[in-house]
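The structures considered in this document are given below.
One chain, subunit A, appears in both complexes that follow, with subunit B as partner in the first and subunit C in the second.
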Partner chain A sequence: MTRRFPPLLPALTLLAMLGPVAAGLWGTLLPAFGHLPAAGISGPSLDPFRDLFAWAGLPRAVLLSISTGLFATAISLLIVVLVTAGWSGTRSFRVLERLLSPLLSVPHAAAAFGLAFLIAPSGWVSRLFSPGLTGWERPPDLLIVQDSWGLAMTAGLIVKEVPFLLLITLAALGQADAKRSVTVAQALGYGRLTGWLKTVFPRVYGQIRPPVYVVLAYAMSVVDVAVILGPNTPPPLSVQIVRWMSDPDLAMRLEGAAGALLQLALVVGALAFWRLGEVIIARLGRRWIAAGGRGRADPVVARIGLALGGASALVVLLGLGVLAIWSFAGFWGFPDALPDQFTWRNWMRFGPGTLDALGETAIIASVAASTALILTIGCLEAEYRYDLHLSRRGVWLLYLPLLIPQTAFLPGLQTMMLGLGADVGRGPVIMAHLVFVLPYVFLSLADPFRAWDARIGTIAAALGAGPDGVLWRVRLPMLLRPILTALAVGLAVSVGQYLPTLLIGGGRVSTLTTEAVALASGGDRRAIGVYGLMQTGAALVPFTLALLIPAMVWRNRRGLRHG
Partner chain B sequence: MKQFALMAALLAPVSALADVDPADWDAVLTEAEGQTVYWNAWGGSTTTNDFIAWVGDRVAEDYGVTLEHVKLTDTADAVTRVLAEKQAGENEDGAIDMIWINGANFAAMKDADLLFGPYAEQLPNWAFVDVDGKTVQTDFTVPVEGYESPWAMAQVVFIQDTADLAEPLGDMNAILEWSAANPGRFTYPQPPDFLGTTFLKQALVDLLDDPSVLAEPATDDNYAEVTAPLWAFLDELTPTLWRSGRAYPATGPAQLQLIADGEVDLAVSFSPGEATAAIANNQLPDTVRTFVLDKGTIGNASFVAIPYNSSSAAGAMVVANFLMSPEAQVRAQDPEVLGYGTVLDVDALPAEDREAFDVLELGIATLSPAELGTVQAEPHPSWMTRIGDDWMERYGVAR
Partner chain C sequence: MDDGLFLRDVEISKGGVPLISVHHDIKPGEVLTVMGPSGVGKSTLLAFITGTLAAGFTATGEVWLDGHNVTHAPPHKRHVGILFQDDLLFPHLSVGANLAFGLQPGSTASDRQKRIAEALDEVGLGGFADRDPATLSGGQKARVALMRMLLSEPCALLLDEPFSGLDAALRTQIRSMVFDRARARSLPVLMVTHDAEDAEAAAGAVLELGGSWS
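== the complex of A and B ==
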């Protein structure tokens, strides 16, 4: 075997991902234990934690963080599993897949705004039926959005995570030999859904587990969705941390840093809890499989799953529809179902600004995502050629940037970049984006890449192909779909980054997301409509391509279309 | 080798003349030409954003200064940034050249020596500023001492939807009575949003018989006693608020959206012309009007400040000076544009400029200067900080 492939890449990848995280965490750890020389405070002391635990809102904030995270993850996973189990391979599934996939690119903030405006007492749903059916001349005073239990926020997270998990599941399906397994199960008398759950799900879950963990960590520490849909008396912990961190009184950063460490501990705890749940479900599942039930309730359950999946797609689509209406709206008061007049004025006002931001967004996202893709493929290939295996503990390193709340290490990272004189401008922002883009790309691609049948490589080698030939002419083409999916995920992740762009760019780098979130704080729905639609478009195109290109390239290779 | 030379050229720090003298205006103009000024300003108001974009066009035209608006969600982010830069030893070329600032953020930056200056009173257009009539030399009672230059005057007004609330309300107790009779129809932005804390301060100033005690820093001795009427008022008011006080709008504009949605009928604003501008932008129904309280309302100035480590201080001063020019001030006061009050002494202006102010239409929902009545002083920042913290303890966490 030639040694042309540099094993340097894995090291480089780890450095790009973990260096900033480690530096950032150090910058959080010190103030959490009372050491912040910039504010004239030196430690160590436990006062920050004492202050944190003295905050009256803490129990609720912690509870919100945990409950929204666990519920959002569990429910979105359930929906995805039921839909895939009950319908994969059918026409309904293809329709739903086409509906949901582009929704992945809808920025969280835009989706959240759409949802808020649908379900609020003065929202679109209420407007459609008022005053005709409801008799409401004025909206009722009901706490639906920003409810104390975080239900609206959980719903907002679910509608955004379902498309993500579905795409990841689709990418994994090709490696799970799903079709044959289900056919065999059906031949043995199992229903489609039960057969899929019993034969395919264990294999698929093994592959999608990392993204599921990421969803859990993300849902527990999300900021933008929580600000729009979540309660604010008190807010979830992540929002409160950002508030502490941005308090003009520097001493508050100590409390914020302590809160960030607590958030980290919560995420770790929730992941452990989830892992325990996996073990229990696996045990129960084995018993369920052995019991041999053929799944008489399948049609009903499958229909419920489809309805839930359809509903979650519909919510986002209607939300986008409302955004579109707002972007053209003149005055639009309650209870009118549509604005008084439609106008181009909003687009004239905000359009030029969105184009500038779009250019910046595109440059940053494409550089970050393709760098991440090259590093990832390099890593995985090196792993394959040199038979390197990340230990179980080593694998966790990959997840660190995604499992550690952004608020916990970004301010520290900013300080580090300043110290290197590398702050401000596009380059450092791309590097910061890489920290978040890399793991997503890696996680999206690693399992399909590893699950590739190495015997095919052996056959190719037997036919005279060198390692590079196997890689370029066999493996990568066969993995076209997961590769493009990973690239699209990377692009979407980069497009959606808010805190890294703002902090590392020193505010000088304006992407669609930083502009949209800044506008969101003002609540001008017309501007949010324009920016939200532009942002959606920016991430929509790559995902469309990720679906279209394999279908076109492999139009005469049926076996490769899902691989 | 060639690449190396290129990289070196790219990486070489731009030599910054940090000690540009504001008094030598010609030198400032010369140095400013070609500079890029990153103005960090709250980006939540689309009307303000449009105004800043216009300022950018104008200073590029006249002075060759490029203005970039960095849209913040919270001014404190900029303060944090400058501090982080100082911590990292970035003393020459910070990311921020100018900040829209006042109150506690200014006090914090001035305290920590993070500001360039003094420069404000050396700017040519300072000559027209209404130093006697407007609070431009103190900021929330903190002396400005030339470390920030004013560009707009703000005063608290209340926005009412006359379709549901026909008559102005004269004082805080009238607001309480009305809210009790019409539960769920009033709210205010959630502190620590500055407009939310402003409402709390306004309530306190109005409830006290003698608010002069607020001019001095709050002490442990007098704080509880002075603020007691405020908490009694809020305890009564909160259950009658929108969503029974279990949720609040995040910002002022979000609160305006609630009026447009028909969810509330009364809102607080820190800009007398905001309502008119919002009607023009379809953000509010045209049934909206404004009023002030019988005893008057709090007023203050909006400033811009330059961080100590800006590499474009000259350019920033040019922008700051332009903001105080009659041309910019007339435009800011135009209710179709911003509706901000001017910092200038209009009567002292040359006839031509004065006329530009005189011909401005106030707009249907804007009060005339006479109708705006007495401008009350801002309390010392220590009051705001403590009241904000206490509000969060009392109403900002689950009850």
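== the complex of A and C ==
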């Protein structure tokens, strides 16, 4: 066999994913212990940690990081489990699934702005009920968005993580033989929801555990959502780390690096705590199963689950709607439900700026996503040709860059690049995006790629096609739809990246996301509406194309219509 | 004469457990039928001959085809045609393009088109070249798959339970179509099946899995 695809590509992939993470952690470790030659400071010393612990906001910032992370993860998982347990296979479920899947690609920042515009004192919800129900003639002086408990921020994370966890769960259901298990349980007198929880959930959870951990790590260390919806004084730890890192005084980076290490420790601790929770719930669950209850409350619980799931989808959709209204709004006084007039003026004003940012976003996203796609196909094809198999432990390597909090290694990567004198800018930003884009592209393409019937390859080879011929002439064309979907996933992930662009770009690379988040403090709702919509569009359009292109190319090929 | 498909001391095992052991010469135009219940690893023997044995299996012995030792040749250089139970037509290609995939390269475009049209005519599918394979009936697909394989001019033919997906009437028809063409081209045929009728129709040696002869 010719070795046109040497295991070089898998090695490159690992390097692209883990190299920056390792370098970044190293670059965090040194300054955290007082070693930063670029600023003329050499260690080791514990001063950065002393400064960190002397910061009065620290306990609150730490608490916020933990509480938003744990609550957002637990609640979104609960919603997804209840909805799937109570409704999978029904029509309502398909409707909800169809509503939620496009929401997966809505950038976090856009969803967060949408939520803010809904629930703020002067937001849409308050307008709809004012002054009729509330009697408010002016927006009330309430701290709803950016509340000091981080509730708005937790809600913003939940509505974005529900679609993610639901799709992950659906993918896992395929391998769990769920339908027959529930049928058997129902024949034994169990309600649908209880039957599902007792027979299917243990298997499904085993499959979705890594992505659940990713959600936890992400929710604990997210920056853009926290800037938009989270409290300010003090902010969650992740936001404070970014503030320290952006301080013109280089010495503040030491404190930032110490904070980044603390963030890493918090995430590791929370993951351990979550693991412990799994053990306890598993033990309680076994007792619950042994007790044999058939689930008399099932219908009620299932309805609550569906209502929560529907509400979470509705919040994102209405949020996008209100972003759209603001982007076209002329004068819009409180408490009017709609603006006095609709106008193109906002788009004329902010359009040119968004186009520049769109260009930058498109370049970064296309290079990052197509690189990730090539590496992924190389890995999967190498796996097929050399009969390699990714072990369960190997799969965790894919999740590693998503489990290590961004705020723990990106600051270090930035510091390290400054130390090396490497120029910040577009190239390094693309490399940093690749770290996050690669795992998602890989996870998106791996299942369809591996599910391809290998006998087709045997046939093609028997007809005289070499390994490359089989790949290019048969396998890739047949997999056109999942390949384009994986590419769209990669583009959406890149479009939504905030922290890597901000830190590694050194503030000189402006994408739609960095521009939109930068508007958060200004509070110009018309500008936010325009940028938020453009950002959502940049993530959604590739998905639409990924559906349309295969449908057009294969319009006369029924065998590929559902493939 | 060296022509034919010769299996020399072929032994395949998985994890140290022997599965199959075959030593047999299949002369041109002859059929060897390998029988046994499903799931015993009959298809493994075919995978060894096509060069696509999965990891975890170990095989010893040699495969000779028309005087060449092909045991270590890459799958696409072996000139061994195979038909599976499913037609496995390439779903992204038209019927004609599926056949063109099998046709050896060279010759002019019009000549290739002519040969594809002739092949379709031969199995009663004239004018089907532009069709989407997914719109064909089971019997039509089986015929296209057969012609695709024959156009690649293989030196031997492997059949992996190729008729079990077809209903009774169709099965007889397709079966004789396959065997007639293999005989006409003097191809050695190795068939794996669990259907006694298939074995009877093949009218050749039968190897029951486990090595006993009938």
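Rule of thumb we're sticking to: the second predicted complex is superposed on the first by the 393 of 563 C-alpha atoms of A that agree within 3 Å, B and C clash if a C-alpha of one lies under 4 Å from a C-alpha of the other, contacts with A are read in each partner's own complex, and residues count from 1 in each chain.
Heads up, the rule we're going with is that a contact is a pair of C-beta atoms (placed from the backbone, for glycine too) under 8 Å apart; a residue touches a chain by one contact, two chains touch by 3 or more.
Worth saying up front: this structure is predicted, and the values here are computed from it rather than measured.
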If we overlay the two complexes on their shared chain A, which of subunit B and subunit C does A:Gly559 touch? Say first, second, both or neither. second
Broader residue contact with subunit A after superposition on the shared chain, subunit B or subunit C: B
Which partner chains sit in contact with A:Ile549 here, subunit B, subunit C, both or neither? Use first/second/both/neither. neither
Let me test your reading of the model: by the given contact rule, A:Gly464 touches which partner, first (subunit B), second (subunit C), both or neither? second
With both complexes superposed on chain A, which partner does A:Arg455 reach: first (subunit B), second (subunit C), both or neither? second
Applying the touch criterion given at the start, work out whether A:Val474 contacts subunit B, subunit C, both or neither, answering first, second, both or neither. second
In the superposed arrangement, does A:Leu397 touch subunit B (first), subunit C (second), both or neither? neither
For subunit A, give the residues common to its interface with subunit B and its interface with subunit C. none
Quick check on the complex: what are the subunit A residues that touch subunit B? 37-38, 55-57, 60, 120-122, 138-139, 141-143, 145-146, 148, 227, 231-234, 243, 245-250, 329-335, 343, 349-350, 411, 414-415, 418-419, 421, 423-424, 502-503, 506-508, 510, 514-515, 517-527
Of subunit B, residues touching subunit A in the complex: 38, 40, 42-46, 50, 68, 70-74, 76-81, 83-90, 94-96, 104-105, 108, 164, 183-184, 190, 192, 242-251, 253-254, 256-257, 260-263, 281-283, 285-286, 385, 392-393, 395-399
In the complex, subunit C residues that touch subunit A: 47, 50-52, 54-55, 74-76, 78-82, 84, 86, 88-92, 94, 101-102, 104, 132-135, 148-149, 152, 154
Residues of subunit A touching subunit C in the complex: 1-2, 387, 389, 453-467, 469-470, 473-474, 477-478, 480, 554, 556-560, 563
